[in-house]
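Per-chain numbering from 1; labels A, B, C, D, E and F assigned in written order.
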Amino acid sequence: MQHSEIGVVHTKVERPDPDLVERLSAFGVATVHEAMGRVGLMRPYIRPVYAGARLCGPAVTVLLQPGDNWMLHVAAEQVQEGDVLVAACTTECEDGFFGDLLATSLRARGCRGLVIDGGVRDVADLEEMEFPVFSRAINAKGTIKATLGSVNIPVVLANAFVRPGDVVVADVDGVVVVPQERLLEVLEAAAKREANEEGKRATFAGGTLGLDLYEMREPLAALGLRYED
Amino acid sequence: MQHSEIGVVHTKVERPDPDLVERLSAFGVATVHEAMGRVGLMRPYIRPVYAGARLCGPAVTVLLQPGDNWMLHVAAEQVQEGDVLVAACTTECEDGFFGDLLATSLRARGCRGLVIDGGVRDVADLEEMEFPVFSRAINAKGTIKATLGSVNIPVVLANAFVRPGDVVVADVDGVVVVPQERLLEVLEAAAKREANEEGKRATFAGGTLGLDLYEMREPLAALGLRYED
Amino acid sequence: MQHSEIGVVHTKVERPDPDLVERLSAFGVATVHEAMGRVGLMRPYIRPVYAGARLCGPAVTVLLQPGDNWMLHVAAEQVQEGDVLVAACTTECEDGFFGDLLATSLRARGCRGLVIDGGVRDVADLEEMEFPVFSRAINAKGTIKATLGSVNIPVVLANAFVRPGDVVVADVDGVVVVPQERLLEVLEAAAKREANEEGKRATFAGGTLGLDLYEMREPLAALGLRYED
Amino acid sequence: MQHSEIGVVHTKVERPDPDLVERLSAFGVATVHEAMGRVGLMRPYIRPVYAGARLCGPAVTVLLQPGDNWMLHVAAEQVQEGDVLVAACTTECEDGFFGDLLATSLRARGCRGLVIDGGVRDVADLEEMEFPVFSRAINAKGTIKATLGSVNIPVVLANAFVRPGDVVVADVDGVVVVPQERLLEVLEAAAKREANEEGKRATFAGGTLGLDLYEMREPLAALGLRYED
Amino acid sequence: MQHSEIGVVHTKVERPDPDLVERLSAFGVATVHEAMGRVGLMRPYIRPVYAGARLCGPAVTVLLQPGDNWMLHVAAEQVQEGDVLVAACTTECEDGFFGDLLATSLRARGCRGLVIDGGVRDVADLEEMEFPVFSRAINAKGTIKATLGSVNIPVVLANAFVRPGDVVVADVDGVVVVPQERLLEVLEAAAKREANEEGKRATFAGGTLGLDLYEMREPLAALGLRYED
Amino acid sequence: MQHSEIGVVHTKVERPDPDLVERLSAFGVATVHEAMGRVGLMRPYIRPVYAGARLCGPAVTVLLQPGDNWMLHVAAEQVQEGDVLVAACTTECEDGFFGDLLATSLRARGCRGLVIDGGVRDVADLEEMEFPVFSRAINAKGTIKATLGSVNIPVVLANAFVRPGDVVVADVDGVVVVPQERLLEVLEAAAKREANEEGKRATFAGGTLGLDLYEMREPLAALGLRYED
């Protein structure tokens, strides 16, 4: 399974333990990204196509050609219950690769949503179906079916590297990719961070300043920060 | 009536049969665009200014000068019940050419909405009035009234060519322009496509794959697509 | 208090009369911007992070370094009841400088919201808290605490100049800055404009055209506008 | 010959008098655009791919599909001595539709250059060949040959409307389109403007101000411009 | 002299010592920006319009209205030998505000160049004249003369704050603004930095690494950087 | 060696046979990209900082933090004769991470150039030194040295995946990455393509059309392309 090979469908994807994925889905993208050590985030131009869209699941990946959604149909067959479809493109293209029919097909297979470095359409239907999609554009322009890409190879989209079976988490704050082998570690770090934040939230709500909670006054002074009337 | 002449208001617009327009308004932009043969779509940077905005109607066109909305007032007089105002600009400008007062005036004349390759303001009022606007920007910056443009000449905006009387359809997926002489043909193609899609939707919901429904397996194999474990 | 000095916190901000600020908060950004004589508007890439966000208040300003939110903590201490935090950056950066913890801390101090020429995260929480934020991006990417900036110096963000104590008004139409010394004058001009617009709205709703209300027909004809069938 | 029809090659193009084209080629784009009455200019994102590129000639037009340059080969056959090839695309696409081989083929037919709302490659070769190209991007990404477009239909690119036989002028200042029926009029206006500017240039070089040459002091004062120490 | 007042020309500008300006002109923008403490830089979208353009001089400032270059003529009269004209705009506009005639007029008055947050045209002439211009766009689209702005008020452009008499330095690396009162200090810091860099350049050329020259190995190890085969 | 780990420097890079790299350097980016099967190309926003810049060599990779160039110094030590430095960033940042001092240091180690998904400065010096740099921006804004990244881990930049030792080729057409294990294969395909193109060039120069050379007339007709007067 080589990065960027063209014309191949890998039918075997090692997926992570569904319980771990389920537990990860409780955390927001910002928390997961911190738990990752601040790597794995897609560029922020990928946005939810409707308010409130969220998803979490292992990736089935697909590499598309510009203006061509043929491989999405090929990929649909590889999707299993709980998967997220992650679609990269060999070049920048904002055509509408995806709409309500493909969403219906994916949903029938248990797909949890789509992340695509391209455009989508039928957005009103997607919202009504509550099928979460994160994309770079909304665009009614349809696509053709003429050129091979690949399914379940490692792909790069929105500057993030995604391998089949890596876990993708997306919400209003963005899209983050958790490598399968780091899933447990990230889960624990996320839980720890969230517990930690809960306490801080109460402290801040009570009026304590970050300056004091984080003991910042001394290092700021050491760097020369001065207060003036 | 020549493309891009400056300083002219054409008072006679041949409008399409309102019944046909009414029937077209039942279809979404993605469907109409497919029915057109995938031409006539505006660039996707034109977006609705509030969620749920939709419009359909024959165009009254106006060519604006940058930072100047004088011609919108001239155009208002040419608007009739059911029309959509379509505003191009001689250069790229995101100033707020349009707000709630002009919307009130247009509504009083039966106008169905505005598509503008520029900015608009008073967006909260527009949403409350349910006056649909599709624009390239939201911007409080007002405009002056100093330079002539034209009304009801053919215009180009967001890379689409629009003649007075052409039918403009806009929703969350974008904005498409149907040449008046193609209206009936497009209507029929759209109806056919939608009927066709209804059946497909049920098929997909039942779990059939596009690979099988569209008989894609053979052509994919012929191009060399291979499956690997 | 000099523009762009680094490493200083000015603890004394002359704030405007809260009653005047309260009265200004009744007006929308488009109205205030007109009342200002069409200056003081931020570039329109600064957008509300959730639908319905609005704010009005005197500015506490902060100059951030790229990818570093340390100064937001320093600024928090300078915030008083009713203030708006206004954050500029020494360079273009869309990292997530701000999230729900800082929002909680600011709210505890009575802060009315944030305007930032950068990214923010925890947007779902911000919306739930109804803490209004206007930013250039939504981005889960966190920031470090390593480099000094300044608090309560004059700053430039989104091409607008803001001094501590200037009043910032933001809604769906954009963000405008009212210099403290012009507050009364702007308030009066805004009130006058709104009263004036109320009358106009009724006139337009009744079907009168702007061409007639504003007596535009003569100057248009003088410039050579011609009407053709 | 209808705007945006797909799958047609019009083999008959009425071209303007070559002498008029030759005379027009002596003027820069800024002068021609003024002579046109400030219409017909492409959006400024279309740029020369090498310093010093210039072209002038009647358009052979082509409508491309995204990521597909098949129609450029079809268009090449329609090019005659002195023509400029003008390539629009049904959607936004920055792939490299054009390179040195097509340039060689077009040059063999007497083509004067290319304007394309897409990407091109082999730019070093194009510069060495002195084959002028104006494009929206430089991009090594190649294209396929799968879908029909059209040749010699009216097209829209970079927000300009171009019909076969219209004259396209391009230099470092941009790209302007002169409708064939306006060629003589524009030529005369351009010549007049240039003669006029020659005199002005000498006047300005001698130290006279525009304020005096254009008698601006009075209207400025009438609007209330005041001078202060 | 107030920020953003409209309709005023300030005729008295306190200019810095020409000798200091002359000395500053020996330094590049990157060096001056470091000497400033990394503030005062314009956003990098302002670019030279031809290769090799450079300028340095005290600013005469002008605030333009969109698509309107009237105030450039008013500003020309305020320019003295050695000045640089700095043009802001009340909104984003890429029209061609400036061309060879205005350049000729400015040169006749001893102007050293233009920095403009807008478009310019006649770029081939500007290069031939060697009149340096830094702009946000090249655009043949001309402008009108209808609305007042101001001359010699403090302005904001490309997110930098510029007062009349501040010194502007521009080269291929960007544009930086030196407040007049900091000129001597910045000059000294720039000279010191350059002397320092000269030595470093020789050291680096000799093969010494920054890791050793700047003694970075220890702090990197302290943060936990580890080396692996 | 894992994708995106932070705080590690891998000191062992398996480099390809220098003779193969030397042979690859004879081909342009467009040719190599075709030989790769149209994968591996960086997004076209990465541009040469001066005209004529070209490079080819195995990658030493570095992952930077925003506004922080510390890791470039760490990476410099890992560079060997013939290497190209390839710098990714954990977020989008256009600060000037790199200038003439680092270029001098890299050159002293035999480095062939830099590809960076960020900004650079001292561009006039880089051109004079003939040190080729491909970047997303030119920006005088300097950076700090505060946070760890990594050296010689696989990185993603401009949407391309690069591992240490992969060969990077860059010229005016863009930047392409050749996986080390595909080097020989790509070299052969490139040579074959170029030989093939040489013949085609002569054929095209002689007036033969692509329509005939590629036997396109039949498939075009089969799809329904029609010719009309």
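FYI, a contact is a pair of C-beta atoms (placed from the backbone, for glycine too) under 8 Å apart; a residue touches a chain by one contact, two chains touch by 3 or more.
Because the structure is predicted, anything quoted here is derived from the model rather than measured.
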{"item": "Steps needed, at fewest, to go from chain B to chain F via touching chains", "value": "2"}
{"item": "Same or different contact residues where chain E meets its copy chain D, judged by the half mark", "value": "different"}
{"item": "Between chain E and chain F, centroid-to-centroid distance (C-alpha), Å", "value": "32"}
{"item": "Mean-CA-position distance for chain D and chain A (Å)", "value": "42"}
{"item": "Shared-contact residues (touching 2 or more other chains) in chain E", "value": "38, 41, 44, 51, 90-92, 94, 139, 141"}
{"item": "Set of all touching chain pairs, with the criterion as stated earlier", "value": "A-B, A-C, A-D, A-F, B-C, B-D, B-E, C-E, C-F, D-E, D-F, E-F"}
{"item": "Complex contact set, residues of chain D against chain E", "value": "28-30, 33-34, 38, 41, 44, 47, 51, 171-174, 176, 197, 200-201, 204-211, 214, 216, 220, 223-229"}
{"item": "Residue numbers on chain F that touch chain C, as the complex places them", "value": "65-68, 90-95, 139, 141, 144, 146-147"}
{"item": "Residue numbers on chain E that touch chain D, as the complex places them", "value": "7-12, 51, 70, 73-74, 76-77, 94, 96, 99-102, 104-105, 107-109, 119, 121-124, 137-142, 145, 148"}
{"item": "Touching residues on chain C, where the partner in the complex is chain E", "value": "2-6, 37-41, 43-44, 90-92, 154, 156-161, 179"}
